[in-house]
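Letters are used for the chains, namely A, B, C, D, E, F, G, H, I and J, taken in the order the chains are written, and counting of residues starts over at 1 for each.
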Amino acid sequence: MIKTLPPGCQKLLEAKCRSGLTFEAIAKKVGRDEVWVAALFYGQAQPSKDDINTLAALLNLSAETLVEDFVFSGLPTRGGLIETNTRDPVLYRFFEIFQNYGVPLKAILQEKFGDGIMSAVNFKMHVDKVPTPKGDRVKITLDGAFLPYKPW
Amino acid sequence: MIKTLPPGCQKLLEAKCRSGLTFEAIAKKVGRDEVWVAALFYGQAQPSKDDINTLAALLNLSAETLVEDFVFSGLPTRGGLIETNTRDPVLYRFFEIFQNYGVPLKAILQEKFGDGIMSAVNFKMHVDKVPTPKGDRVKITLDGAFLPYKPW
Amino acid sequence: MIKTLPPGCQKLLEAKCRSGLTFEAIAKKVGRDEVWVAALFYGQAQPSKDDINTLAALLNLSAETLVEDFVFSGLPTRGGLIETNTRDPVLYRFFEIFQNYGVPLKAILQEKFGDGIMSAVNFKMHVDKVPTPKGDRVKITLDGAFLPYKPW
Amino acid sequence: MIKTLPPGCQKLLEAKCRSGLTFEAIAKKVGRDEVWVAALFYGQAQPSKDDINTLAALLNLSAETLVEDFVFSGLPTRGGLIETNTRDPVLYRFFEIFQNYGVPLKAILQEKFGDGIMSAVNFKMHVDKVPTPKGDRVKITLDGAFLPYKPW
Amino acid sequence: MIKTLPPGCQKLLEAKCRSGLTFEAIAKKVGRDEVWVAALFYGQAQPSKDDINTLAALLNLSAETLVEDFVFSGLPTRGGLIETNTRDPVLYRFFEIFQNYGVPLKAILQEKFGDGIMSAVNFKMHVDKVPTPKGDRVKITLDGAFLPYKPW
Amino acid sequence: MIKTLPPGCQKLLEAKCRSGLTFEAIAKKVGRDEVWVAALFYGQAQPSKDDINTLAALLNLSAETLVEDFVFSGLPTRGGLIETNTRDPVLYRFFEIFQNYGVPLKAILQEKFGDGIMSAVNFKMHVDKVPTPKGDRVKITLDGAFLPYKPW
Amino acid sequence: MIKTLPPGCQKLLEAKCRSGLTFEAIAKKVGRDEVWVAALFYGQAQPSKDDINTLAALLNLSAETLVEDFVFSGLPTRGGLIETNTRDPVLYRFFEIFQNYGVPLKAILQEKFGDGIMSAVNFKMHVDKVPTPKGDRVKITLDGAFLPYKPW
Amino acid sequence: MIKTLPPGCQKLLEAKCRSGLTFEAIAKKVGRDEVWVAALFYGQAQPSKDDINTLAALLNLSAETLVEDFVFSGLPTRGGLIETNTRDPVLYRFFEIFQNYGVPLKAILQEKFGDGIMSAVNFKMHVDKVPTPKGDRVKITLDGAFLPYKPW
Amino acid sequence: MIKTLPPGCQKLLEAKCRSGLTFEAIAKKVGRDEVWVAALFYGQAQPSKDDINTLAALLNLSAETLVEDFVFSGLPTRGGLIETNTRDPVLYRFFEIFQNYGVPLKAILQEKFGDGIMSAVNFKMHVDKVPTPKGDRVKITLDGAFLPYKPW
Amino acid sequence: MIKTLPPGCQKLLEAKCRSGLTFEAIAKKVGRDEVWVAALFYGQAQPSKDDINTLAALLNLSAETLVEDFVFSGLPTRGGLIETNTRDPVLYRFFEIFQNYGVPLKAILQEKFGDGIMSAVNFKMHVDKVPTPKGDRVKITLDGAFLPYKPW
């Protein structure tokens, strides 16, 4: 999959692998959430020039080349990493959750917020690891603006 | 869609409509999260007898009939409410989020937790409405056990 | 297709047929755009109580029943009227336009507006008929808010 | 995606990137709409020899080679840039609009124009950026000939 | 399949069956081509009031009811009679012809006519039966306007 | 697409491009219909040795190598040039015609010829350009043997 | 599945069930192969009037009504009994055979017969049961005319 | 397609092409049916060492290398040569036969043999060319063990 | 789903529900494995007359009617209960297991058994519940005949 | 398929082929089940460093390089080896088993265990070869934790 990413992303992923740094550690340096940083590394987000400079310094890459890479490949092409009917067990569980609970969730959103959607663009997400006696729990927080439909 | 649900679910949804109660209000009475209650009403969860008794009393339904309905239709058939390529704008945004951020998220999960998945069965979710000056935000929390792969 | 619409929509479409009124005429009375009115009649939009009262009066329907119909069937279920691979020649042309010009259009949007999308929710559209010596032309105006992606 | 375009298109896109010119600026020089120019750069339109000469001069390319490129790759192969079920958020919104409003729109077209279609061949489109206090709005105008069905 | 057609079409097909008339005989009376008449009977074309009157008289149907049927069901919904991957041997051969010869045909059209399409709307077709010593041959003539693409 | 054709076909198409000859001109020399010649150039037909010799002489190719190319790649693999759900506007119109008029056409075939099919193998087709005051018309003639079903 | 067959076929299948006759026994009476008779009963073949009379007499049905049924439902609609990706184990094996051996078989056909196809219309098939010490074997014979492709 | 076969198969096919031998001639030498030999050449069957030695001698190949090729690529990967919805006219007819006659055939199998399947593994097939005054006929014999379902 | 089963199966399932008996208890009485009994109740297996008599006696059903039901609906139609891309979480896990471990399993089968398949017809399966301190484990045993491929 | 595996897996498979060792023999040395070892070789499982060291020693590979390979390619990407609608006869039988017996099995699981799933993550499987007078039988044992759904 990595070979289908734009060159700038490939360089970032390889440099991260060499550095041994986690996304969490990188995110702290860049001052962003680790999910957004991972999204950037996988070609799903657009960095500012400052982001690029910080990353280049941190990962021993040429900032100048990296900026060029991102300018050349243009804005990110989102949504193409996986097929909808993915058979990857990790990703499948995410889709299963909304396959099961999506309609109930929609009913609640409409009851609480009215006629509209949760934006996937004006949006951010965060992951926490919650240790419990029975093992770790994954806590993912989705946070998106509510966009109402309006007549015209 | 309601007509494809088991009879017990149809009765619950109609009675809720007549009562004017929200899922939030019902959930408080039942002592459950409103997402789980909505999941139950849409045939995606399995109630205990106590849950059924409380709901019957609250919504003016015959507890006896409701228990029979749920016994007769057996355990819930999950995952069949929508097609994967749903074109419903509300539901689509949920799938879009994981279409875009699923692979970065998987990279972070594997970095933080190791080789495994977030369970969609040992799992719960919650919705909050967060008002801001620029309008409401939807905050959805996914909370699932981490299940590691182990050699054998 | 009409039989798959919620009862309120079916009543509106039948009453419109009986009345002989065009969407344009109805839209003027309701004070809305005719596209939005047609979207309402086909179950793709949510009317206010005032909208319902005006429509009921105009089309000789019981306002009380109509309000109930719309309350009972809840918020609109959008996007399910047609399959994506529609073979209807009128609808197919709309998809063909974006199949051909979608990517160039995206390049221009990103150049003019930056990294983001045109909203399909904070959105309105309008149709004009433009007579020319060689026959009529259809002019459709799409008007949606630009939503930028932002890092977090 | 750029690598799947014909060589002439690849040269145009690379030269545009080097030049720093926008489609809008190029379009003014060529005397065409920027959407058509972008369509040409992405292999969805067919240039005249004059168009090629102007573009070659503007972007420092050999007009002779460029003409040959376009002659060799023949007329444009339209419609193959994206899959119908595209998961690109920008493109998806265009399809969502017609998934939701296509049928109402068809009803209005047939009411206003009679039995026929809006041509996607005898067709042009234009994009405007409309600043508002709440942010920019995207205004896209579709303009196609109405083609009536006739018995024979 | 007949049960999915609009009521007016069902009446026409049943009355034709009762009358024992062929499409050819009916077409001569109506003054149209038999393919267009069959298209009308299968809900793929729109009759004028004169067409309806002639047909009603010929097939012993109430002209008044028939007009109402066609007004009520609106303009024809084309293209929905069969799935694209039809397995009907008669229909499959038509698709096979263009699956095999479509690309060569496109090359010839572009060579003879330039950049554009053969219209499927400004279009008519005709069938002839050509007896030969080795058996009958089917001769189908497709006749559509050439629509050129033009820059804008 | 040309790169997926057998080597002999690629040579023919490149040589045709260099020669500037049209399919019509080549067809006259070979003594075949131009559709069949185009089908041959796109790998959908099987040439005789005489056909190959004439083509080699006409297009300045080595007849010996060309014969070997066609022997080596064996008989043509038909039907693989395009996907059924093609989004190419030229090709789509052909499929749209039979999507709309296929069932009516089948009804007429069965009425005129009985229970059977029009062969797509014992088959030929021809294209004419018919100029009219309102522009050119494309006239395509399909000519196939009728094959009856018989009990056994 | 039986409910989706035309009325004449349903009557035949029910009468066969009542009579306790096998397809083999019926076929002998009608003077046809049992596969063709079964094809007729499942709506995949067209009977002559003589066939209908024999069947009606044999199965205690009204010949007059049966003729009307077959006239009314018209010629058979073939190929719609099963989906291509059938999961029925009996039917799947047939498709598996040609999934595995189809390409080798095609190579042999082309070697033995030249460029062409085995007709599925000018075609018959037969089933034999061959007992062996290790159990029965199924022997199916496919017998179709070879149709050659010819240039034009 | 040949390029996707294992190296041993490619060598066999190329050597066969050079030798000018037919599958029938090769099959006689190997002492196998020509369909099985073709299946082997297309990677759908597994040769014994004796088969490989005979083939190597016959086709001027190194037996040692050929054995290694078959050991290295392991047992055959069956079923992947074509897609189910193949558009190849030769292969399509095979699928059409079972699309039309599969269900009648299943009814006959169950009547003659009981509850079970015809094996596609304990299976062989054979092709005959039957000349007739009206042209050649293709006769294909499928011969598979009947496997009964049994309760447990 | 139950409504799509043959009448005999529906009666068995309803009677089982009334009786309160488990599949395990029924299986003991019938002298079969509970998986086979459940397969029978869901229309995936064929009972003997003895099986039907025992079941009728056990579940208070008319043996005579039940036999008729099974004779009338004929042999079981297997494989149609669920779609391949099932989204049911219980069923999905079974497919996921073979999606992940199917290819390694095939490698082992071929190493241990040679070139062939595990039969799904000459086959039985069994379920055990294995309590452990950390909760129950599901143990499913698949037991099928190995069928070797043989040349011919 | 082997070429799409990560480099570490390719090295393991090639070294195994050279060594002539079976998965069973390797598994005994590593102290794991042969299915898990095969899963590791096909990129469906994650080895410990000890596993890698043992394998490297056994198969004459550089342990250092092998560790790097597995670190570099990260955790395994499961589920991508085959498509769901696989046509491989060996793999198809596994899917057929659950296509037929999946729903009955689910009914039994729910009866024996309650509302929940058999885990495909907390899971192991084992293969036995059971010789019988009528030939070998394949015995596959699936062993997964039962995960119950719980309200929240």
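The rule is short, and it goes like this: a residue touches a chain if its C-beta (ideal position, glycine included) is under 8 Å from a C-beta of that chain, and two chains touch if they have at least 3 such contacts.
Just so it is clear, the model here is predicted, and its values are computed rather than measured.
So which chains are sitting against chain B and chain F at once?
Per touch definition, common to chain B and chain F: C, D.
Can you name the chain that lies farthest from chain D, using the mean of each chain's Cα atoms as its centre?
I
Can you name the chain that lies farthest from chain F, using the mean of each chain's Cα atoms as its centre?
Looking at centroid distances, B is the chain farthest away.
So chain C and chain F: same face meeting same face, with over half the numbers shared, or different?
same
For the pairs E-G and E-H, output the one whose chains share more C-beta pairs in contact.
Between E-G and E-H, the larger count of C-beta pairs in contact belongs to E-G.
Round to the nearest whole Å and give the separation of the Cα centres of chain F and chain I.
51
In whole angstrom, what separates the CA-based centres of chain C and chain I?
49
Between chain D and chain F, what distance separates the C-alpha centroids? Give it in angstrom.
That gives a centre separation of 30 Å.
Roughly how many whole angstrom separate the Cα centroids of chain A and chain B?
Inter-chain centre distance comes to 24 Å.
Which residues does chain B have that touch at least 2 chains other than itself?
1, 78-79, 84-89, 92, 96, 99-100, 110, 116-117, 119-121, 148
Can you name every pair of chains that touch?
A-B, A-C, A-D, A-I, A-J, B-C, B-D, B-I, B-J, C-D, C-E, C-F, D-E, D-F, E-F, E-G, E-H, F-G, F-H, G-H, G-I, G-J, H-I, H-J, I-J
Residue numbers of chain D touching chain A in their complex, please.
Touch list, chain D to chain A: 1, 17, 85-89, 92.
Which residues, counting only chain A, touch chain C once they are in their complex?
Within the complex, chain A contacts chain C at residues 32-33, 36, 40, 45-48, 51, 74-76, 110, 114-117, 119, 121-122, 124, 147-152.
What does chain A use to touch chain D in their complex?
Against chain D, chain A makes touches at 71-72, 77-80, 84, 120-121.
Which residues, counting only chain F, touch chain E once they are in their complex?
Its residues touching chain E are 1, 22-24, 34-35, 38-39, 41-42, 44, 78-79, 81-82, 84-86, 88-91, 93-113, 117-120, 123, 125, 127, 129-130, 134-146.
In their complex, what parts of chain J are in touch with chain G?
Answer in residue numbers: 85, 87, 89, 92, 96, 99-100.
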